[in-house]
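What follows is a set of structures for review.
Each of the two complexes below includes chain A, the first together with chain B, the second together with chain C.
Entry: the complex of A and B
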């Protein structure tokens, strides 16, 4: 090859070399927000978006009919794709919802000519029907199971989408009618969740199983890339233009003024061009990425570093000056709680055909609860900042009873040991216990702590095992299949109503539904059915509290603790992050002061 | 007539090994660890590794010699118990992978260039081509929580080196006169391979076993650190995994203890293995 040819070849290859050296697409001049989450979604299909991680992506690439106001607390619903709040019949059984016209899905090869078509009422009907189509493997159908007229029959008749469902109709191109079997006051809340996001049937048909990683929606962002490390979303240029009204969104100068949120007034979401959601399981890795400065812009403080970062933990949380200069912070109790459930489907510890054994199993569960040391758990893993309460009604909902008996929280190994002895349990005949969890250091140490407590009530060490799963998705799948005996769980409220936590123990919601413990108590079920159609009232609160007592008396769960959330974000980010009820919905209102350089 | 006393290869090797000071010291350290592990097996010590006996992150003191971890477990107890885990894994993997490697290597060598040899060589090539940690992860997934997934993965991959070495040795041995003689008197192949040839590869197997032992311990630590290792009990790998978060908070005892226990054992075993190799090398022994 001559020298001239060699030079020519070099020049031809130069662009390839330059491309090879670059780290992804050119984002210079773009506004990028880089939040982080503690886990990765396993599916972005709305019917399977059962985790908070999936929800963060789903509500940003799809539209829901309703949403929560960005800043308003207590939380308040607002229309999103819907034109207004629903018209509800007097008996509370019929809902008429009008959706906005001229809203389009993003352009995608799934559509004829690749051009996204208009979102219609039929799309909502289709999306809801998918939850009851066994092929969709929905994880959210428990929300509406038995509540929409004709849906069960439609499912039994073979889930044919061409057939109408009596209680779910598109009256015209932009009007949806929902008819319920019984009043369901939380219906509108459920229509603000990722589960109810609107998908086009063309995309579901076109992508098949791959639809779970190829979202095609009408939300403010469109997905660019997605893997177990991060999801990259870019602005949907065709997103409807809805100027922000801070007053409507619940802006309070005293609370939000310090975060500079006033400057987004009147602007049109989404405010950033690109969203890079990083999934970082290890809290310290997340922290290192956050403090590095040019990586993620939003994180929580790892428990090991709280003393280093915080000047004050109780009652008010305060950052040390060095951190306060660099970051914004908000804190508060989470909208949910952590609890440990016993799988009642497991005859070794739960229901049993032998009623005598079932009685002894009850004593065994109560003994384990006596071994549990909430104070130690709070100190070790939650820096003594968690709030421990008896039962399943957390302190953030109005039905919480601050005067409830705290006996179920008592740590009394002697009592536990006596209970075992009185019920004929000996080290030889005690069943082997298996606690499930994700294969992480924290989960393992929580297990070791649990085992340490059980040793104090005389449980043999070799009969306490840990069942580790590689990811939260795997673990959650095993929970849904009722494979795990003792289940460590956290629950984030889907909507701010205690009904949402009480349904966790409603019998018909058993696996693969949200009732991971598979608790099935006739009185509890009856009270749930009675109260779930009631509007908030004193009577309903009393029923809720009675249900809480039934769960505690059954020793079906060791509960609970609401964690204190501390969120930090960089000062060049204009935001009021909220991971729980609002979920990732706030991403569209986040602004970043400086574009990528 | 002057008679020369006959000395076996093993006696010569032992004589040589005894004169190797580093070898003897490292053997002493390994034996010390073995005594610790035996004590745990017999229930003499290290039994309270899972009890929560102290406060969170207690500093070293008379009650907890090396302090406690985040949930108040005694770090010294855990390190002692982990010695047993290391020997459990090391011995099981070393013995089984050496046996497997010896057996398949002998067959492969004796039937060199036949289909048996081809098959075994192909199998070794395939296993060597799979990245070890990916293989363990895949196996752990396939075995769905089987506590021996890690052992099986190590045995399935560590035997190949032994097998290659034994194969070479057997190819050399099978042309020796004593094998020719065995064939001439009509001994079955099975006896020729396992009674006459294989015993002459024992020096290779012994050295390989010590090397595999060390590799298994190191791999166990790495796999446990990654969450793919032991599912029951505690190990230095798990202690190091725990310590990754503690170190950031300024608590180093877990990390230093586990690392030191591991370092000393691996170092001693490596030196012991080197000395053993020198002592058993036929060229050096007969010199």
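Entry: the complex of A and C
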């Protein structure tokens, strides 16, 4: 071969040299589950696990003290690394939690001699302190901010891990004591989130900034590879042996029987050897991969294909026979809702020094709400499958009131027009409205629909504008700086308790906090402060419902709609997927009938 | 020696270009790019936390200080850590650039080789039905959106609705067979689109060359078509062809192909770059922009050297 030909051959083979550097993992005989998610996590550090996607990985490589029962609905907490539910003092201020002994972190170079050591109460204390160390860039510290005694002082004193925090102590090797500044009934829920996952300080020190992509935990799986399109997790062979009790997990033959879940009774999680979690934003590509048969095994239906795949959408979702033969399906309302808020800091539509104008602004907001047509919104953008409810207590939480007045959902342009006239609003003196949103076809279309509705109450077209932001970060900045007049929002529940949505309208949570509307009503604030320290009870539910009425009466939001989730999975997979509250916890219970060949 | 001196001289004159490109792009990143702070804060952040994050990201420092740091990073090829994942930028690029290269190179090479071959045929049969057929095909390739081509090829070759011969998504490449399975459909899609643009461009260059006196002389001399095209036409048309190919290389190496990588689930540098643009991950953007600028300067130098190799009349002085 001439030199010239040799060079040519080298050039042609270059790509192969670049990729063919190692042998692939031998997965023959292994059980592999390949779920897909509609987005990718960026960081796998528990303190930054703010997204559903990050949580799916985090709760599988790390342990949390608590988790949600796999099948029980409404959701119910259970001990995970904790030995039992916490012992809570009479005043609700002190929690004692015992963790299981003899649980080890995975082997990792971060540990001396590379052997994973035992998980102790100190590790939990360390993991929680990280949320208040500015260097950690925590996205979850708001859950506990101002609630754990001495934590703020610890942060102010320089976040020195050698210093104790009064309200967060390891009483002994396996006992944690949490002392609160005020009762926090949702505390145990927060200890079931990826944010509270337990990390070893050795790994944080060893990997530094790159700890976010080198998780070292004690969960059922360990991370093998992670990039922008996939995370591969393999079974943690040292994971504690806890046989599955389906009765304890909330098994209901009528609901779960058809999925073959009964066969996992008594088995020891995790049931698969390997998890390949695919992150796929492109819905059609995801669908093609799902229907291929030998690629991803769990997906949702692209909205373009709903009519093709579904035989029935309402009230019950049903697959067409051709799909029902090949796939299992479950459906349910999302654990959250979409709503549109008015920015009360904007004197043109919200609070105003001129009380008369403030009153007219109230009428203006209510008139806009009368113009809003939820049925049309649901039909156009949510395939008529969303569930519309009045206010901010969504149907998935126990405090939801199915009998609440639906007046706030009424679409009545004539009433809206009359309200404007009665309050002295004319096309000339109406303020220019600006709806904010992330630049996308959907948000633009939603705006056009909104503008169309407003024309029906006599709003001049040129006085309704759309403020498009290039990215979510930009939009979020404008929201946090209270620069947007009308704000399209979505909220995913952090835990199944209405307190999580009611805090969205609590005055002190105003911008840059979670209260994007900057609603600040003294009675609402008082009721929130009273109820936020109460354990679930009829009295608390009544207070929550009263708060919901205040929000509706103030016309501060146009709310809400919970979208319907549809999950599809292959019939050789034994699972009951859930994407939000149970989230990634379900992976350990998934079984695959056939091993890789 | 002459060539080395030329390369060094050219590189030094390229430094203002690198500074210009990096300065303008850094200006755009800082003043018009997404603010990463609001991606990193929690749901219920306080003003104090926002300021802490801004400080950690360096947003509160003067622009000049930050730009000088950027130049230092570029000189040392150490861009620190991604603001999104926390991973070292150099590790990310080391992992993703080879994948993008392995993905794009076959389509790039074949797209250009086939483009030249078809352009030669079209130019030789100028005005003939064969020319019209090739040009018609090129217009189709240019007219259809790359996204549609990708989706259509994925359905035809990979999905269950079509032939199902190749994987729909993924990049589990450990041997030559794996490589062929994963790279074939993206390559076909790349070639389909690239052929349109390449063939039209190369045909125009070759048609111009075919009208020259030396080609007419060779034709009159009775030179066979193959020899005429390759020895007398193609060789003399190489300068614009080299220019086009060389200037595509930095984009192929650093930017990858976002659409291909997204739709085929391939963890290359294109997807990483796109995510960095949309989320304002400045360390990654600085690396990609800086490296692209440096590569452009290197390509400029190589380009001139190649000119000299294919045309001895070109002087490097």
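The working rule: the second predicted complex is superposed on the first by the 399 of 597 C-alpha atoms of A that agree within 3 Å, B and C clash if a C-alpha of one lies under 4 Å from a C-alpha of the other, contacts with A are read in each partner's own complex, and residues count from 1 in each chain.
Simple rule for what comes next: a residue touches a chain if its C-beta (ideal position, glycine included) is under 8 Å from a C-beta of that chain, and two chains touch if they have at least 3 such contacts.
Since the model is a prediction, treat every value here as computed from it, not as a measurement.
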item: Partner chain(s) touched by A:93 [first = chain B, second = chain C, both, neither]; value: neither
item: Chain A residues touched by each partner, larger count belonging to chain B or chain C; value: C
item: Contacts of A:348 with chain B and chain C, given as first, second, both or neither; value: neither
item: Which superposed partner A:440 touches (first chain B, second chain C, both, neither); value: first
item: Chain B versus chain C as contact partner of A:284, first or second or both or neither; value: both
item: Touched partner set for A:448, first chain B, second chain C, both or neither; value: first
item: Chain B versus chain C as contact partner of A:465, first or second or both or neither; value: first
item: Partner chain in contact with A:533 - chain B first, chain C second, else both or neither; value: neither
item: Chain C-contacting residues of chain A that also contact chain B; value: 284, 470
item: Chain A contact footprint on chain C (complex, rising order); value: 34-47, 49-50, 52-53, 56, 81, 84-88, 91, 95-96, 98-99, 101-102, 105-106, 109, 151, 154-155, 158-161, 164, 167-176, 178-179, 183, 261-267, 271-272, 275, 278-280
item: Parts of chain A lying in touch with chain B, wherever the complex brings them together; value: 283-284, 302, 304-305, 307-308, 379-380, 439-441, 444-445, 448-449, 451-453, 455, 461, 465-468, 470
item: Chain A partner contacts - residues on chain B that touch it in the complex; value: 50-52, 56, 69-73, 141, 145, 227, 231-232, 238, 241-242, 244-246, 248-249
item: Touching residues (chain side chain A, partner chain C) in the complex; value: 12, 14-16, 18-20, 22-24, 42-43, 45, 48, 50, 134-135, 137-142, 145, 209-213, 227-230, 278, 280-282, 284-285, 288-289, 291-293, 295-296, 470-474, 476-477, 480, 494, 503, 509, 512-514
